[in-house]
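Listed next: structures, encoded as structure tokens.
Shared between the two complexes below is chain A, which pairs with chain B and chain C, respectively.
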Partner chain A sequence: MAITAGIDIGNATTETALARVEGRNVTFLATGISATTGIKGTLQNIAGLRSSLGMALERAGYKRDDFSAVDIIRLNRAAPVIGDVAMETVTETIVTESTMIGHNPATPGGIGVGLGVSVAFEDLSSAREGDSVIPVIAAKHDYEAAAAGISSAMARGVNITAAICQSDDGVLIVNRLPKVIPVVDEVGAIDRVPLGMRCCVEVAPPGRVVSLLSNPYDIASLFELSPEETRQIVPVARALVGNRSAVVIRTPLGEVRERRIPAGELYILGPQGKRTVNVEDGAEAIQNTVIACYPVENIFGQPGTNVGGMMERVRRTMSDMTDIPIGDIYIQDLLAVDTLVPQKVTGGVAGEFSLESGVALAVMVKTEELPMQRLAVAVSRELGVKVEVGGIEADMAIRGALTTPGTKPPVAILDLGAGSSDASFMKTDGAVTLTHLAGAGNLVNTIIASELGIEDMDLAEAIKRYPLCKAESAYHIRQEDGTVRFFDEPLDPGVYGRVSLLHENDMLQPLMLPNISVEKVRSTRRKAKQEVFVKNAVRALEQVAPGSNIRLVDYVILVGGSAKDFEIAAMITDALSRYGIVAGRGNIRSTEGPRNAVATGLVLSSVEGRK
Partner chain B sequence: MQINPELLEKIVTEVLAEIEASGAAPASAAAVTAAPEAVAGVSLQEKGPASRGTDPKEVVLAISPAFATTFKTTIVGIPLSAVLRQVFAGTEEEGLHVRVIRVYHTSDVAFMAHQAARLSGSGIGIGILSRGTSIIHQRNLAPLSNLELFPQSPVIDLPTFRAIGKNAAKYAKGESPTPVPTNNDPMARPRYQGLAALLHNKEASFQDPSKAPVELAVSFE
Partner chain C sequence: MSAWFGRVGSPDALPETKPSVWLVTDPSFDEASARHVAAGCEEEGVPLAWDVRSGNSPDLARIACLRSRLEVGVGIDSERRGAIALVSVANVPYLERSAATPGTLRWLGQTAARMSKGEPVMAETH
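What follows is the complex of A and B.
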């Protein structure tokens, strides 16, 4: 009779399965879980391991620090994987000579389209009768004064067609005029608006977007442009799509262009030699190159570029950790995902933002040796317990996963973690093929953070993990699926009217982000998960499936921390059902859900080893 | 700096004397009729008891018993007519309008705003004390809870009052505005606390616990 502890040190969590082994009988006593301390495979892991094992011991009725009760600890021979994620912005919008004001003030004034010559508000009195002018009003003019000035000019017969103003006064000015004109307000750098130029202002009705200024032919009609000039105006029109209000000013040299930022090249080494792909070509091109080079032997970035820096950082981290020379570290997988990054428009006068394209990258390093043996010796010395290093992680995971009721080989498992997505396939005879792919929970966090403009990664993690809702009154919330829930106690006033995250225990966490809606956050979150997990699920299964044919896999069990997520498992189940695959979240030993697969497998494999 | 009780007492006595000297005349009953001239830029006419509104486009603003009558400026000298004008402008820019009530039964800004919120068709109320302390409140919340509180009267300037009106209107529309950014001045407390206490005492002296809130017609000049 021996107490065996299977301990799985993962990228994010350290999980323990504690069992009594008598001959071939295994009785599971308890499980423990705690956050991994330090990078997986380093001596810093011991603290996390202690607390995870201590938790299991306590649950099994021992003392928390009674490590002598354990006869043997089995550690996973952790697949030596580290990942890193990075964002690259690959486009940039540049406005020269302030030809366009494409920002979206929350409350522009009036409705309609006005065409005229821009003129400073101070010079309005010198405008002649019959002139079509558009006053440009600086913040120093009070809304009453501005409205009075415009009214008196109108009374003189000056044709004032629209206005551009600096402070948030659009509605206030229009409410005080005898006639409704479109007014674009909150134009921060009003002194940079060119004066004496032909100019067009459009404000759409609430809930609509500008239709004239987002159409190149309408701009051509308004400004009497030649076909060549119309071609040049296309980026302006494109930049204004989706805005409720816009201004276009015709200047002799002004233009709007989209610049592609040289993000660097990736060099991917495969059996057939080296292939080169430019990061600015986007995720699809990168991924196709990765597939063409399969199995990837190594990946380098162009020196002196951001991508080059990222690749070297990963190598250095891994090298510091394992004492393997930097030249012997091989990056063996890469996942690229297209994203949109809100960036301030260069040269814009109203603090305009434009959604630029970006590429998020996750890479993964494999080395043949990870200092697990060193860790095992250290643990043994520290706790005074015999330590064994067990089988390969994916192998163990599959053994653990098979304790899910309703499964038998041949079966594939997808272990969705924080740093990597692992897949393995077990044939009927017990032979296992496996793969480790870059890109998992952390990449989803990176994408969510960049698309929503968040800097706090804990907030991105929370957005990934919890569904959304909006507090519509002090007593009820509307959840993201449209259902309403009532509360007996009034909600915290801090969440009123805000998009919030619905944590466990009905705790609401308001998202303090400007201009967001439930729909936008939800679609960003779901898209990120779809792009990373569903794409990786298919990619991983292609690599482990017999004959690289996914259709030959019948059962897929999802395990790992990310499988616990409230929607990822359902997304993968849905995507794989198209291949006729039964996929679902594992339920280890009918009790653990998708967690604890590797730890369980470690305990079970100790028995098999002895037969 | 050491604050000894004698010095404090001396300051308080001096300030009190000063206030009595300058405030004695307007504090009399004649002040109410004299008010329109005294507070240039706005006239406030009582229209009768304040009733509960049904218009979802309104935000109710509660002002304190002596707002814009005895008191003409906030604690830092901003004319109260300008304060009202900015709150009105902020709300109007969002497409809503303000209904003003004068509360007599309390000069606690939270209870004033809560009263306003309960009378408001949108359920959103604002409370502003004569010295400038402000709050945005909502019906259904506990009186001492709130949506946004601006407790440091000396640091509230006109753009902040505009933003308070704007945010109150946004709450009324069910939007989720970013809370109004406010300045923080660590010296505001030592510099103004004594004065604020005196102003509060003066304001509280106009309270009439038996008088219900009164609706005001506001016109700017």
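What follows is the complex of A and C.
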């Protein structure tokens, strides 16, 4: 009788399966899980390993640090892959001499379109009868004074067509005027609004968006633009789409440009030689080039560009970790996803955002082998337990996955992790083919973060992981599927009316993001998961399926941390059903769900060959 | 203007039937201060009715919300402590803040109005 611990050190988590082994009989006692410390394959992993094994020991009734109870630890020969992700913005909108203000104050005043010449509010008294003017009101004038000044100018016969103001006073001003004019408020950098220029203000009715200032031909009609000038105004119109209020000011030298940032070229080496693709060309072009170069031997980025820097960073990390010279590190897969990135308009006056296009990239590096042997020696010394390095990760994953009820070879496994998506296919005779692909949970986080304009990656991870809801009263929330839930205690005022994440134990995490809706966050989250996991599932199965024919795969078992996600498994099941494949989340040993496949496989493989 | 703000019993009082947020304050509270609360509500498109009573701010807010057709009330006591109460949240104020400056008064008005619309509380920038 011996106590065996199978320990799987993954990119994100370290999982333990603790079992009693008697001859060929294996009795599983407990499992443990802990975050992986450091990059997998390094000595830093020991801390995470201790805590994962300790958890399993405790659950099995031993003391947390009673490592002597374990007779043998089996480590996986970790798949020698690490992934990295990056975002590249490929367009940028630049405003020179502020010519537009297109933002969404919560409460603009009035309704309609006003065309006139911008004047400082202080100079309104010098406006003449019949002049069409638009006063620009700084925060130092309160709404009573602003409304009084505008009203008296109107009484003198000055045609005040609209107003632009700095404070959140739009509605208050309009309510005090003899006639309704559109007022755009909350314009932060009011001092940068050019004066004495022709200017147009549009405020749409509640629930609508601007229709004139988001149409280039309407802007051309308002400002009598030439066809060439109309072409130049397109980025302005585009940036104003979807706003409830907007201002466009025509200045003699002002222009809004959409600049394309040289994101760099990718050089992809395959059996037929080198192919070049520009990151600006977008995800589809990049992915087609990757397919054309299959099997990819190496990928480089253009030196001196962002993408070049990213590729070098991955090589350096891998080289530092494995002591292999940078020149011998090969990037063997890449997944690109098109994204829309809200970026602050350079030179804008009201903190305007424009949706720029970008490309999110994940790459995967493969080396000869991670130094697991070195780690095994260190673990053995540290814990005083015999350690051996077991079989290949994908083999172990299949062995573990096959403990899922209702499965038998031939079967394919999709191991969806944080850093990479791995696939393996086991034929009836036990022969295994496998592949590692770039792009998994971390790339989803990157896409969510860039599309929602989030810098905090923990927040992006939470958005990926938890469903959304909105507190509609002090006592109830509406979940993203439309159902309503009531609470016994009043909700915190901080979540009232806000889009929030619904954590376990009914904890609500409010999303402090401007102008977001449940639908927007939900569609961003689902699209990111589709683009990464569904695309990778198909890509991976094409590589491991017999004859590269995905239809020849009958069963697919999803394992790994990302398979636990509340919607990824269902998305893949749905997508693969079109190929006639039975796909679903694994249930390791009928109890563990999709986790612990490799750790379980490590224990099971230890008894093979025994009589 | 009377459509947006009015003191109970005065000529410009809002009609009893008008959906509005209510403000109930200590008698020492002046009209200029009440207008700051009203401005916060008005910018959000919600009228404010004002009445005076003695008491602490949670009690005044409770009286206010029970009289409001929108079921949201603001109470401000003689110490210039402010509270917002919702009819649905019994016995305790939903939110308490100082009501000492024009900025905080306007924020209280805005927050009460936004709660009546089911919208989130704005950041406190005053």
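Quick note on the criterion: the second predicted complex is superposed on the first by the 607 of 611 C-alpha atoms of A that agree within 3 Å, B and C clash if a C-alpha of one lies under 4 Å from a C-alpha of the other, contacts with A are read in each partner's own complex, and residues count from 1 in each chain.
What we mean here is this: a contact is a pair of C-beta atoms (placed from the backbone, for glycine too) under 8 Å apart; a residue touches a chain by one contact, two chains touch by 3 or more.
These figures come from a predicted structure and were not determined experimentally.
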Side-by-side fit of chain B and chain C on chain A, or clash: clash
Touching partner for A:574 - first (chain B), second (chain C), both, neither: neither
Chain B versus chain C as contact partner of A:474, first or second or both or neither: both
Partner chain(s) touched by A:168 [first = chain B, second = chain C, both, neither]: both
Which of chain B and chain C A:514 touches, first, second, both or neither: first
Partner chain in contact with A:497 - chain B first, chain C second, else both or neither: both
Which of chain B and chain C A:66 touches, first, second, both or neither: neither
Doubly contacted chain A residues - partners chain C and chain B: 107, 143, 168-172, 175, 472-475, 490, 493, 496-498, 510
Contact footprint of chain C on chain A as seen in their complex: 106-107, 143, 168-172, 175-176, 472-475, 490, 493-498, 510
Residue ranges of chain A in contact with chain B within the complex: 107, 143, 168-172, 175, 470, 472-475, 490, 493, 496-499, 510, 512, 514
Chain A partner contacts - residues on chain B that touch it in the complex: 89, 92-95, 138-142, 145-147, 162, 166, 170-171, 174-178
Residues on chain C engaged by chain A in the complex (per definition of touch): 1, 4, 39, 42-45, 86, 88-89, 92, 94-95, 114-115, 117-122
